[in-house]
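In what follows, structures are represented as structure tokens.
One chain, chain A, links the two complexes that follow: it is found with chain B in the first and with chain C in the second.
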Partner chain A sequence: MEWTFIDTWIVLVGALSAAACALLGNYLVLRRMSMMGDAISHAVLPGLAIAFLITGSRDSLPMLVGAIIVGVVTTFMIQGIDRLSGLDRGASMGVVFTTLFAIGLILIRQAADHVDLDPSCVLYGAIELTPLDTVELFGQEIPQAAITSGLMLMVNLAFVIVFFKELKITSFDPALATTMGFNANVLHYILMTLVAATTIAAFESVGSILVIAMLIVPGAAAHLMTDRLGWMLIISVVFSVLSAFLGHLSAITIPTWFGFQDTSTAGMMALIAGLLFVVVFLFSPRYGVFSRMVNQFLLGLRIVGDDILGFLYRYHELAPANAAPVPVPEIQNALQTDIPVKVMIWNLRRTGLILRQNGGYTLTPSGKKAGKGLIRSHRLWESYLCNVMGYCNTDVHRHAHQFEHFTDTKLQEELSQVTGNPDYDPHNRKIPM
Partner chain B sequence: MRNRAKFIHRNLLSILIIVATVLIGTSFSPAVSAGNLATDSLRSDLVRVFMFQDYNTRVVVTGTTLLGLAAGLIGTFLVLRKRALLSDTLSHATLPGIALAFILMTLVSGDGKQLLPLIIGAAIFSVLGTLSVLAIQRFSRLKDDAALGIVLSVYFGLGVALMGMATRMDAGNAAGLSSFIYGKTASMLFSDALLIAGTALVAAIACILFFKEFSMVCFDADYGMTQGWPVARLDFLMMALVILVTVIGLQAVGLILVVALLIIPAASARFWTFRLRNMLWLSGAFGALSGFVGSGVSALMANLPAGAVIVLTASLFFIFSMVFGSARGLLHIGMDRLRLGRKIMDENLLRDLFEWSETNPNEGTPGIEISALKHRRSWTQSALKKTIRRLHRQKTINVYSENRVNLSKSGRLAAFEVVRRHRLWETYLITHADVAPGIVDLSADRIEHVLEPELIRQLEEKLEAETKEKLLSSPHTISFTGADGHRTPKMTR
Partner chain C sequence: MAHTRKTAGSKKNYTQAQAPLCVKDLTVAYHRKPVLWDIDLTLPEGQLIAVVGPNGAGKSTFIKSVLGLVPRASGAISIYGKSYESQRHLVGYVPQRESVDWDFPVNALDVVAMGLYRQIGWFRPVNKNHRKKALDSLEKVGMANYAYRQISQLSGGQQQRVFLARALAQDARLYFMDEPFAGVDAATERAIISLLKELKSVGKTCVVVHHDLQTVPTYFDHVVLLNMRLVDAGPVETVFNEENLKKTYGGRLTLLTHALNEYAKTPQFPSNTD
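Then we have the complex of A and B:
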């Protein structure tokens, strides 16, 4: 593998356009309009083709204007059909964008005689060729595409920063926004217009279909990482830049491992974005599938540990002062689990809450304190359920058994107050202080 | 079982049509001569294409017609299940399957362009795509739109990357692969048409056999589940049919436009009927017609990509249906609204005249002045004039000199019914809904135009109105000379 300045430019162009897309994509994801991105990016094709046919060149400005017009028209058409037809939104989108795409294909076929325009270039872009088309700026040879994408990124960044508050409120609560006097519709159309423009700016680098990956995937991944909009924007931009860099890197390295030559950078960018998404999907600290499984497992273990402490406390409460320590099988039998008990006994011993004596276990002073707190919670809950709520059947124990693990001292105090600081629970057991 | 047999019996005609189409499709053998060479004139071109005079056109037109039929049939359920965009996702997701199958087959046998492995690869990946969408929906907090977008673009990206590798391979020639993206309608082979015919047959038979089950899954899957239907399996079967049509249609019209064939005919059919069975056949017919006309037109004009023309034909049918559709078409709905608006104005005027004659029993005057009527409600000058002209034409009112109008004999009868409905509702609101008499007029004013005979009967029963013919007296005063020209209702009962 050889990394040249061309590769640097490719990564830069990819990163700029991907970041521009990702900024807007966050709002598409939050507003549940991801497929609008798909629809618009398919539908701008006729706008491009008409601009080609009229101007006969591949200048950026006419293309941009054509795309913006078609983008807005698409939005209007989808909303119109949605309202008039009684079809669901998906079907309205499907009708509109496939029709416009078909018109675009026909027009491109017509335009192909006049301008050098290849449908596959429109669909997957030609990012590998962008460093060859340069303009001179500040005495430097800078690729045209880098300037276009950079400008687009600036515009989107300005939009997102200036309208941060408005976008936030219209995305999360359009009704509230309307009552506060923001016009959610205007913002919606500005957003759609920018999506169309960004699609065009990015089409040269990633193509009109893969631009969807750049629009939606980083935003979706960021949405799984955080609940804060500001962080979401930042994370999505980081993801998009990462997928541009890793995408190009893997496009020129991975195929060689299998004896192929290099492959499409745009395709690999989308794929890397997808892989990043999968990683986040599985391992995101709060919303990842795997993380949630681990958290649940740890919670289960913690509850087993609590139960061991509670069991030992109850044992000491009933047994005479110099009773023998409890052997492990007895604990396992009482808690109805096997291996988790062994794991947690190891852990409790490590943290100094229990202590091994003559083949069994007993509580250390700090363990006794922890057990006491737990039993106090348990019995206070029982009192509360029975005395305050008037719910006195056998289930009281079961519910209290669940609540006790999530009761802190503050809640204990409040429970105690509500129940009138009782000394004994409904089963006539003493509530420890 | 007997129900099913009965259903098949009822749809015998439709089945016959399908079988006939398939027979036509399969009866073209390569042995038929190549037809006349084209002359210059358009008419002979038209004849050549649509009379199936040359072999290639015959194959293409038949193939696309049957594809349209199949897509239209199964697309109905897809659209009703609100999964239109899922077809977009799974058609894009086929690309890596095609590329991978091509690479593998090239490495194994040297020839990558074998239809069957490519189709199998495409099918496998579209199933994987569907499963990924379901997984994202199920296990993350992202909504279905994001799931669809992610799967669509990432799978397509993988496909583009694999295609990039395939086209730069030393062995094998990947030139034909892009036909899966744009379609290669014009160069459809006889074997392709045969494959499509088979697919259409399977889709049609499945739609007939599982009509009841599919419609239940579309309209109320939860109910089906409580009744013990295997909803998940039926759903799977439905999606399998969609995947089948998509994959077969890929190489005919391309992976983006096959979506259009699934969605647009069904969406068009929705404008014509409220009955699922009619919608199904209409959608099939729209699909078939789009395929037929579209491929025919593209055969006439060499420069037009056939897939796109087929989709545009379908779109034209959609626009036509949206405007002229007999159930939900814009024209139909607009006419309905216009008619209702007229009816409301007519009835309002009739009631005003009736109430005027009630409060002015003096027979000597030849009627009320139009200007006095104008103050009764927010008439515009032109609306009032038009309404008077219309009623005069219907001979329900008499127009006298000095711009005075009065009810005619037949008009009195019609007005009697309107006033009666109005007062029945007013009385009902006062006696049964505890609404203040001062404000019942407004509510009755709106509902009097749409009270059905059945509802009136029930109102009569409820109010124990003594006889059917009796007109209740108004629960509030009727004034034609309020200070601001409006009524000032008062409790008089």
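Then we have the complex of A and C:
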């Protein structure tokens, strides 16, 4: 594989288009209108075709105007059907966009008989060809598509920055926004118009599949990764640029590994976006499925570690001062687990809480302190549950055993106070200080 | 007592033209099906006003039509004698809690700052001063510690407090609150009611959709009984009676008699005597 300036342009066009889509897509995701991007990007097709049939050329401007008009009409139609029919929003969108899309396809077939306008090109775009269609700007040959999508990105960026506050409140609480004079409907229509315009700007070069993917996937992924709207916008853009770059890279490398020709770059960019989404879905720090599993697992280990300390403390409490160190199987037996105990013994030893002595383990002074804290929490909880809450049955031990792992010194203080600073727990065991 | 003074002062002295809310012949319909018929209503200034009625009575619709959120089929509404559009700055709104998406990527402080957006105006960003104000409002509802938490990580009662803090930030004269007591525990309920009393003590008017009939007499001064039509509206002492409630709830209510018995037992309302 050889990376040429052509590849750089392809990635740039892809990234600019993708970022322009992603910015607006955030608000589609947040307004639970992901389908709307789908709807509009399909529905603009007849707009393109009509503009084409009227002007007979593939000039960008008439096409853009035609598509924007149809995009806005679509928005109104969906809103109208939504209000009047009582159908749910998804259904209204489905009705509108499939109808318009069908009309668009028919018109395009019609048009294609006269000039070359290829229906499949509308779906997949022709991003590989964009570097060939250049204009001169500042003495530089720059692909037409890079300029169009760059301008669109600028417009969208200006929109989300200037209207940041207004978009936030109308997306979150349209009713309140409207009572304050920030008309939610007006912003809705501006947003939809921009979605339509962006779709067209990106259409010719990257095709509708990538447009739809980029309207939804980066926003959805960014939503999983952050709790702040500003960061969500930034992350979605980074995500879309990354998809464009990795997408093109894979399109020109991966197939050759298997002895095939390059594959569709736009398709690959969409696919990579999908794969990146899966990665985010699994690994995002807060909501990721995998991170949740890892956290659960680490918590489980921590509890085993606590239990080892507690067990050794109790053992030393009961045994004579010169008792032998406790061998591992005995600990494993007491805690009813095997490997986690081994792992945590290794870890506790590493952190200097326990010591290995003739085939067994004892607590170091700092280990003893930690163990004492746990036992204190445990027995305070038992006193609290039994003496204050009047809940004294056999379950008390089990509950106290769960709570002890989540009790810091401050909570300990409070517990001690409400239970009247007892010296002994309900089972008459000493509560260590 | 603030209560007595205010009622005494405002009971007869306001004219319709200056009333916080004056509604004439209001009819509202969804898809041509009227849900509010011919409502005529004038609300007094500086009082806590309950709007009660069964589910689907049109309480939320009433508030939304006053605020211009749903179109009215007929009728006129004035706020302090003028149209809503010219009096926006005097009006605060607390929507029903379920009406927003709590997974939205904002924290409690962001939500409260939204109360300041009208004051900040179009295009201008939220600055440090605004954030400070928002934090003060959160402080007033006891939520300052949760300012930077994403809002889905708050309990229902805490979310309700955030909404109230946002209303405080709006610094309005007339508040509309849709079921602020829904799904909150006793502590939050007490916090909310003391907040309402505080608003009242500085002369604000609060119109509150309320479902718990038992507490209407203790919490509110004025009551609007609504069930598609206006059943009655007036001071709690005079209109909150069994007959009116039967009309409102269609006699299907057994709790009602209990609530009224409870009410009869409470010796209070010194404002009766003036």
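Quick note on the criterion: the second predicted complex is superposed on the first by the 415 of 433 C-alpha atoms of A that agree within 3 Å, B and C clash if a C-alpha of one lies under 4 Å from a C-alpha of the other, contacts with A are read in each partner's own complex, and residues count from 1 in each chain.
In this section, contacts are C-beta pairs under 8 Å (C-beta built on N, C-alpha and C of every residue); 3 or more make two chains touch, one makes a residue touch a chain.
Predicted model, so just to flag it, every value in this text is computed and none were measured.
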**Asked** Can A:Leu84 be said to touch chain B (first), chain C (second), both, or neither?
**Response** both
**Request:** Report for A:Thr226: first if it touches chain B alone, second if chain C alone, otherwise both or neither.
**Result:** second
**Request:** Examine A:Val162 and indicate which partner it touches, taking first as chain B and second as chain C; both and neither are also allowed.
**Result:** second
**Message:** Tell me the contact category for A:Leu271 with respect to chain B and chain C: first, second, both or neither.
**Reply:** first
**Asked** Looking at the overlay, does A:Gln332 come into contact with chain B only (first), chain C only (second), both, or neither?
**Response** neither
**Request:** Considering only touches as defined above, state whether A:Ser291 meets chain B (first), chain C (second), both or neither.
**Result:** neither
**Which superposed partner A:Phe260 touches (first chain B, second chain C, both, neither)** = first
**Fill in**
Max touched-residue count on chain A (chain B vs chain C) belongs to chain B
**Prompt:** In the superposed arrangement, does A:Ala175 touch chain B (first), chain C (second), both or neither?
**Reply:** second
**Request:** Examine A:Ser416 and indicate which partner it touches, taking first as chain B and second as chain C; both and neither are also allowed.
**Result:** neither
**Complete:** The intersection of the chain A residues contacting chain B with those contacting chain C is 32, 84, 86, 223
**Asked** Within the complex, which stretch of chain A touches chain B?
**Response** 29, 32-35, 37-38, 42, 81, 84-88, 90-95, 98-99, 101-103, 105-106, 109-110, 119-120, 123-124, 207, 209-210, 212-217, 220, 223-224, 251, 255, 258, 260-264, 266-271, 273-274, 277, 281, 287, 289
**Prompt:** Mind pulling up the chain A residues that touch chain C in the complex?
**Reply:** 30, 32, 84, 86, 162-166, 168-169, 171-173, 175-182, 223, 226-229, 231-232
**Request:** Provide the residue numbers of chain C that touch chain A in the complex, in ascending order.
**Result:** 31, 64, 67-69, 88, 91, 93, 95, 99-101, 104-107, 110-111, 114, 117-118, 120, 122-126, 150, 166
**chain A-touching residues of chain B, taken from the complex the two chains share** = 79, 82-85, 87-88, 92, 136, 139-143, 145-146, 148-150, 152-165, 168-169, 178, 181-182, 256-257, 259-260, 262-264, 266-267, 270-271, 303-305, 307-309, 311-312, 315, 318, 322, 328, 330
